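Below, subunit A partners subunit B and then partners subunit C, in two separate complexes.
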Partner chain A sequence: MRVLAKKTPARREAPDGGAGDRRDALGVSGLSLTLGTGVPLLADVTVRVGRGETVGLVGESGSGKSLTARTALGMLPRGARATGEVTVADVDVLAAGRRRLRELRRTRASMIFQDPRASINPVRRIGDYLTEGLRARGVPARAVAGRALELLDQVGIRDPGGALRCFPHEFSGGMLQRVVIAGALSTEPELLLADEPTTALDVTTQAEVIALLKDMQRAHGTGMLFVTHDLDLAAAICDRVYVMYAGRIVEESTGSGLFGAPAHPYTRALLEASPSVHGDRVAIRAIAGRPRSLADSPTGCSFRDRCPLAGDDCAETVPAHRPHGQSLAACLRPGQVTP
Partner chain B sequence: MTLTIPALRARSARRRRRRPLAVSLAVAFLILLTVAGLLAPVLAPHSPDATSLLNSLLPPGAGEHWLGTDSTGRDVLSRIMYGARLSLLAPLGVVLLSGVLGIAIGLLAARAGGWADAVISRGMDIVFAFPSLLLAMLVVAVTGPGLTAPICALAVSYTPFVGRVVRSVAIQEGARPYMESYRVMGFGVLWVTLRHLLPNVMPVLIAQSALAFGYALVDLASLSYLGLGVRPPDADWGSMISQARSAILQGEPWSGLLPGLVVLLTVVSVNVLGEHIGGSIAGKREGS
Partner chain C sequence: MKPTQRRRTFAGWIGRRALGGVLTVLIASILIYGALRLVPGDPVLAVTGGRRLTPEQIEALRHRYGLDRGFAQGYLAWIGDALRLDLGTSLNYQTGVTSLIADRLGVSGLLILYSALLAIVSGSAVALVSAVKGGPVNRVAGIAAAVTTATPTFVSAIGLLALFSVGLGWFPATGAGTGLADRLWHLTLPAVAMALVAFGVLARVGNAAFTEELRREHVEVARSRGVGGAAVIGRHVVRNALAPMLTIVGLLFASLFVGTAVVETAFGLDGVGSLLVGSVSRRDFPVVQGIALIAVLLFVVINTLVDLAMPFIDPRVTVGGPSR
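And then the complex of A and B:
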């Protein structure tokens, strides 16, 4: 892979090697989100992504993963109210005005989506997509064409000149996702929100795109929040992983610790519900009941009604995050799960 | 790691694909009409207003009047040629005006949503329910005959025709992920709407405008037929049909049938062309 150790020095390597005072790429703390109709969507979500760090956000559909990522860019659902604190590269997102938010999205934080085909205007050429983004990000008109070529070359597209004149439908999904990544990283953002960037791609393409993302990230020192429901993928590429259930973070763990020692019963149940190619054949166990949204989840621990370990005390309050092994789990009985 | 682009070959293949015969015929006919209208003073064999009672109601092919003459002996071919000017320009005006209004209103309704959308949509329904010819006649009754007033009136009454389609497509298209992805890139709502949403609404809009053009042509011809549009002796297809009424009753239908045929062919041609343009833009995005 012929990827860019470009002229830009990685930002995370502060010249003085100073560690402590580096600001985070993304800091979400105590975020709660409620629709105008009073339906709660997220409760007390805390997520941190350091510079150059890859952080996974996993959970079932509807658990609030994408919503959390979107909130980081101030893309709230219509009429929703957010409380708590969301900072991206020193910008207080929830308090920022429209202009500030646009500035933030343009230069400091990028997002890539699940289906690259759906995230590019189908009637415009690839070149238009890239140059429009570059122009908006303040690249002078003369330099735009050259920069676009350079970007396409960096993400490994042969004949970038021809590619610029193509329409999105003339590209495969994987190539299109490369284009999107090229666009997203063109400003060397401090934060990259990747919302299931490989879900719509086939597995080999997936591996290539992931490798590309990691390379680009390493080169620019970008912090990445990787939203996925692929546990193996998350464990493989993430430094830390947050597990979400019903609009809450139920466990925070290291990437490797997720598989090694899941602390929350939900995490454990998720792992048991996914097939593995390693080890002995084990029966896949589904989680009883159906996924809840925050609005109709039970009092206390949201996972209570599906949890094999639940007791009466689980109904009393939402459990606080407590350390267990390498993890922080929101459970009264972390790690007690017997397989 | 590099990838090639197999698409380049496919694209040149598509360029060679032939357009359907009907579309070619429609284009040819519309070009013919346009040229005939533009160059009428040069090309027309006779003056459109020269009457000759001796030569009235000649059938087509009679002597120097290729398409015959009307009840006052005016040359039908020349009148059709001169008539093309008003009969093509006026509906074009209606379509352009209602298109601009419809786009603005439809996009506004789609993007604003909520109560603003509800108010705009009900407003459009009310205008929609009002017969366009009746509105035009009311306006003409106030302002007197002439073409400007009916054009504006028809444009207003066609606006919901365009606006409703624009609104529904814009809502559908606006919900697609790429709208959000451009917002995430830091573009404002207005920019995204005009630069990305509008082009995606265009195929439907063009097809719709072609339909509207046909309706407008017929409506304006009807107004002329009723004596409310073009003032005589100016030629216009509708008024030609109107003036042929008595001749048709006398069993001499040609002076009315021929302009009627031209109206029919024009409307069909425009529809075929509009459909084709709409279809090929839509085809490009679907990747055919």
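And then the complex of A and C:
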């Protein structure tokens, strides 16, 4: 542990000197994940998050978006085998040992989970939660306490001193998510993995938390992978968006391009399945069939059994990503969907 | 809630808990006293075991044990004396029950503490290791817990005696020894015999509690922050499982007190447990009543203490009741 702790800063400085700004916060390429029992979970997932960039990862439950985010921290399901490449700020995650992973989690990447009330130990104080990450790094207690007050103030919690001594059940969900965000940013990470950080909150609180998250991200220059099932939200706040279906990335697009010209039939179907407050009242159309997992998806394109455009050729191979407008879509007939 | 207000609610809550405890003991004491009256026929005849006595003698006995008074009067006299630490006179020893019990409390108390310590340490350790390791370790621990829980204490007592006293000769078979070291040596086998059942219960319940806490999201969150394995277990798993564990430990203490009856008899120890067994067979009802009353008292006191500790262990346990 000691040896590693001393070695790491030296290794970090070398690339930072010259090309440091160019390296990505997160680089996932060709990632496949298989359970020990042979059940495939992810196939050929490629996701890139630049420094300071906000990237969305969108899909239905079970599409593998949380799994992808967790893999960035080396948190694989028990007995799972991963192939491909996952790098977080120059750390090869899949090759990293326990200590290296711990070091990565302490210093370079943080994760925010869906339900703040479940994320914080209910029997320990807010202060204990907030400072746990810093203390794990070996920051002295007094410095940690000062930093904690500063962080709570930054995320807009009144009376930070009193808040540190409170228990989680004395806080509202929105307040707790602020605490979680403060805790995630306490270690000044280069990568922030936000796994549906607003799903458990009510709408007005959601907006506040998103605004805070963006502010904090800008202030700290953190790259963020924003996992959500909310397409509108992703399009609104993300520079780029990846759409996942059944363990695969089916479309990569810019945030605005996603709404304007969805290339993949699945993206289009997702957009039509969510109600809109803009324009005419259009009937919400559910996607026929049920979401597939990678293990029970059909050969070729995973979406073809639910796709209105599917033909016999879709069954042959998994479609490669090809450019269409502002997007890269894994579809043989991109952009041909008409409402 | 202001601190002063909170303190007042807390004091009130302690008061209510204590009152509840006193009430429980009172109700139990009525049942204990009433049990004597439920003996078929005349209690005195049951006590004297059918020996021929003159009516005057019987009348004298009835008066001496308060049986000539009504139930309420007799009970009040008995509980009044008990409050002054006078539990009556033993029929068999012709000495005060209080001193009979007090003389034996040293051996029994040490035995209970010793076996509680063994059970708590080994049970929690096995529970934690099996929950963390999972897989085959968990299955072996589960079987061990089931076997030890299901084995009656008198069976394990005989097994331990056969193996470690008669066979290997490592521990004495009878007696309580003199001096602390010698006494602990003498009490080891009985303590182990008594601890086995408690160990099984703790290993089983603890395993469930630890497993549940291990699955909690905040455990995963702590890991995602690079907190070391031991720190995660200590701060997020053990700390959170303390409340259910403490509840079980509280219940086990009472069962250990009762367990002394079997173990002390098996290992020839002169303690409260063997006094109870002897007194039951000799129909020495003042002694039986006294010991039963103490067992209830012990049970209520320990469980009230456990309840009082809960708000400090789990801050979500509300102190003030619905007003919060």
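Rule of thumb we're sticking to: the second predicted complex is superposed on the first by the 317 of 339 C-alpha atoms of A that agree within 3 Å, B and C clash if a C-alpha of one lies under 4 Å from a C-alpha of the other, contacts with A are read in each partner's own complex, and residues count from 1 in each chain.
Definition applied: a contact is a pair of C-beta atoms (placed from the backbone, for glycine too) under 8 Å apart; a residue touches a chain by one contact, two chains touch by 3 or more.
Note that this is a predicted model, so its numbers are computed, not measured.
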Clash or fit, subunit B versus subunit C on superposed subunit A: clash
Partner chain(s) touched by A:85 [first = subunit B, second = subunit C, both, neither]: neither
Partner chain in contact with A:158 - subunit B first, subunit C second, else both or neither: first
Which superposed partner A:122 touches (first subunit B, second subunit C, both, neither): both
Which partner reaches more residues of subunit A (counting touched residues only), subunit B or subunit C: B
First, second, both or neither for A:169, with subunit B first and subunit C second: both
Contacts of A:150 with subunit B and subunit C, given as first, second, both or neither: neither
Touched partner set for A:208, first subunit B, second subunit C, both or neither: first
Overlap of the subunit B and subunit C footprints on subunit A, listed as residue numbers: 73, 75, 102-107, 110-111, 113, 115, 118-124, 132-133, 136-137, 167, 169, 183
Subunit B-facing residues of subunit A, complex: 1-2, 73, 75, 78, 98, 102-107, 110-111, 113-115, 118-124, 132-133, 136-137, 156-159, 162-163, 166-167, 169-172, 174-175, 178, 180, 183, 208
Subunit B residues touching subunit A - in the complex, by the definition given at the top: 1-5, 7-8, 10-11, 113, 176-178, 180-188, 195-196, 199-200, 281, 284-287
Interface residues, subunit A side, partner subunit C - complex: 73, 75, 101-107, 110-111, 113, 115, 118-124, 128, 132-133, 136-137, 167, 169, 183, 187
Complex contact set, residues of subunit C against subunit A: 216-218, 220-228, 231, 235-236, 239-240, 313-316
